[in-house]
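Naming follows writing order (A, B and C), and every chain is counted from residue 1.
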Amino acid sequence: MGAGRLYAAVAAGGFRRYATYRAATLAGVFTNTVFGVVLVYTYLALWDERPHLGGYDQAEAVTYVWLGQCLYATLAIQGGGFEKDLMERIRTGDIAVDLYRPADLQLWWLASDFGRAMFQMLGRGVIPFAVGALFFKMALPTDVGSWAALLVALLLAVLVSFGIRFLAALSTFWLLDGTGVNQAMMILGIFCSGMVLPLNAFPGALGEVVRALPWAAQIQLPADVLMGKTDPLHAYAFQAAWAVALLAAGRLLQSVATRRVVVQGG
Amino acid sequence: MDEHFIQLDRVEKVFDVRKKTGFMKRERRQVRAVDSISFAVARGEMVGYIGPNGAGKSTTIKMLTGILTPSGGRLRVAGIDPSRERTRLAHRIGVVFGQRTTLWWDLPLIDSYKLMHRMYRIPDARYAENLARCVELLELGALLDVPVRQLSLGQRMRGDIAAALLHDPEVLYLDEPTIGLDVISKAKVREFLRELNAERGTTVLLTTHDLQDIEQLCSRVMVIDHGRLMYDGPLTGLHEAGESERTLVVDLERELPPIEVPDARTVRVEGPRQWLTFPASASAAPLVARIAAEYPMVDLSVREPDIEAVIAKMYAEQAEKAVS
Amino acid sequence: MVESLRLRDGTRELPRWREGLRAYGLIAGMWVRSSMTYRASFVITVVGNLLVTGLDFATILLMFSRVDSLGGWSLPEVAFLYGLSATAFGISDLVLGSMDVLGTRIRDGSFDTLLVRPAPVLAQIGADHFALRRLGRITQGGLVLGYALVAVDVNWTVGKLLLVPVMLVCGAAIFGALFVAGAAFQIVAQDAAEVQNAFTYGGNTLLSYPPVVFGKDFVRGVTFMLPLAFVNWVPASYVLGRPYPLDLPPGAEFASPLVALVCCALAGLAWRAGLKSYRSTGS
């Protein structure tokens, strides 16, 4: 089997695994929709007091909310994708088996997480977004180009999201327990991705900082690309730079960790 | 002393099953997991309750313990209707689920026992006595301070049995108590149960896949299949009914009509897989050679007579009786 | 032999609710001791819980860094809403918040082992995975409430002051009823545990903001159908001297105990029905 087909099969497996949880997916759709509605109302009140906050008008703020709900599970903003499995395998030592597989550890998990993201997007993300578009005034572009641009931004966002969580998972090699890291990832994910408030609307220096962190690549930039608030190429460059940096760091950490396992005798 | 300590009178359990039959289409179907079963167990009896997977064993046990409510019929344990007075009954029964521990994973074994002590309100002296006895007979002494997660499967099973007995239950239900255990652990568990029954007069009802459990422990066996009671009597009768044949499972390259060879009978065909029975006294080798020569065989295995075979045989005999 | 059994049967039985509380205490204690076996993890999760739950208020602070009021409500007023809801929710989360493991317990069959114990199942499942880290939410909710009580511009009367603890208790009861109803739903649909998050966590988020922010139909829904409005919106409006949502008549501010009682009764019925329909796993 060619390498490409192997990883395609792994990705398909990741997709199918999540597709089997029908009730859980429906429950997730419902929850994201409810949270979306609550958030929309609070944003409307906020933008009512302060029009053009963060450079958005009300319709754009609403669009931002629903894109966020759509990407919440897709990008595993709170964690809970492949990294839990990987952490468990590292903790139990099963990881030694993975290292002897004729596949690259990082690519293997990337493929699997890509499959998961695809399912979460289609199965769980699209419906709340559609509900939002149906019941609230949104600022959706009508040209195909903007949507295509969003697609590219989302692909890069998946890479960044994976890169962050891969690093977090590998930390288990040294920490032996993922609880603390998972907690930290959850807090950073919610806050720095702009799940609670668009990063554009963060005040002063805090805003400068969060907009420079990799989490900005996850919701803020795709939203800005979709609504034409930024030059797509700028956004891509930012996302790609973080993706490359994170994936390279992951690769480095992986080789250090692998040597460690081999030295310990697996 | 009440003669019918456990009494079932035409007890039924019907489940509604929704089956997917197409995109968004579901079909509702009723499954009789337990179909009009009647039996009585006297105090102090030790009864084996056997049958293949999905036969209705666990469903029966769950109704006896009050976990499930019967769909019909009458059910009494120690005069109590289990599903109506589940918590009252709980004081008088002990339950061991073979594959699910009730012990506290992260805490030393003794902590789980202390919880039982308080939850069941076992008088202190009684608790101390029962614990000492279980510790001795089940050899738990060295394990009491070990977190349960560090125990082996056999050790944990022994620990679970002790946990189920600290409150002096009058009846003990065991669901697959020896599943997955090594030979030594199995022997210890059986020895303990035998003694419990002999000395304390505890009524024991156990489900198992392991005929040896029954052979060594039970004077009475009940066989259940498809929710119906197929056999109720001494073990010897069961032996006569079914232990005489072995089964050869043959995987062919493709689906074919039933294999025809002398000295063996094809009893089941499922796609390319076929089941043949042959006398336990005969050697399998010539039979295998013959089939390999005449049919495109991919794989095969020989099964010793087991509960499934016993039941299959009983079916066959019943059918014959019906015809003649 | 038999005589000793009879004697034991003769021990007096406690009323069910006391039996339940006792079992709850015993099991919760076991979970606390279990969690202490991983001390480092415990400390981390306590701090983590404090921070995660604090994110909600951080969001509100972020918003108020850009505006002076939200829907006409000032920061102390919104903090008042937030503190009441977060503390009430925190209490019910501490007491019943692990009910989402019920689905897992049903799927792996371990729910059966709870059913053969001589204690009410609701108490056992309520105490399941009891975790002291959940004190984090109560702590930060309480802190915000404390700030709000000082900062808010109210002419305190005895009645208004008394209403604060009443709101916390009734709020906790209303949220608790949601947890129990959610648990009952899980018996029917084990994988759908997340649905209850929409009502519990979602409800808590909702109640952190002034009712005027939300659409009328939406407010109607959370007043009459899912009476979350009685956790804080209605009584807090009274304390703050603001008009009631949906022009509810005067007196509505004291309806919370009644609403909580009805919610708990309904949740109890739902739990019973759920338990009755329990069918256990295949084997």
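Observations
The definition used in the following text is that contacts are C-beta pairs under 8 Å (C-beta built on N, C-alpha and C of every residue); 3 or more make two chains touch, one makes a residue touch a chain.
If you're wondering where the values come from, they're calculated on a predicted model, not measured in any experiment.
Across the assembly, the mean Cα position most removed from that of chain A is the one of B. The central chain of the assembly on a C-alpha centroid basis is C. Averaging Cα coordinates per chain places chain A and chain C 30 Å apart. We define each chain's centre as the mean of its Cα atoms; on that basis chain A and chain B are separated by 48 Å.
Chain centres here are Cα means. That of chain B falls 42 Å from that of chain C. Multi-chain contact residues of chain C, defined as those touching 2 or more other chains: 38. Put simply, chain A touches chain C in their complex at residues 21-24, 26-28, 30-31, 33-35, 37-38, 41-42, 44-46, 48-50, 53, 177, 179-180, 183-184, 186-187, 190-191, 196-197, 201-203. Chain B meets chain C in the complex at residues 1, 15, 53-54, 58-59, 62, 65-69, 86-88, 90-93, 95, 97, 99-100, 102, 104-107, 111, 115, 118-121, 123, 126, 147, 168, 170, 200-201. Against chain B, in their complex, chain C makes its touches with residues 1-2, 4-5, 8-9, 11, 13, 19, 23, 26-27, 30, 33-34, 37-38, 108-110, 112-113, 115-120, 276, 278-280, 282-283. Chain C makes touch with chain A in their complex at residues 38, 40-41, 44-45, 47-48, 51-52, 55, 58-59, 62-63, 65-71, 189-195, 197-199, 202, 205-206, 209-210, 212-215, 218.
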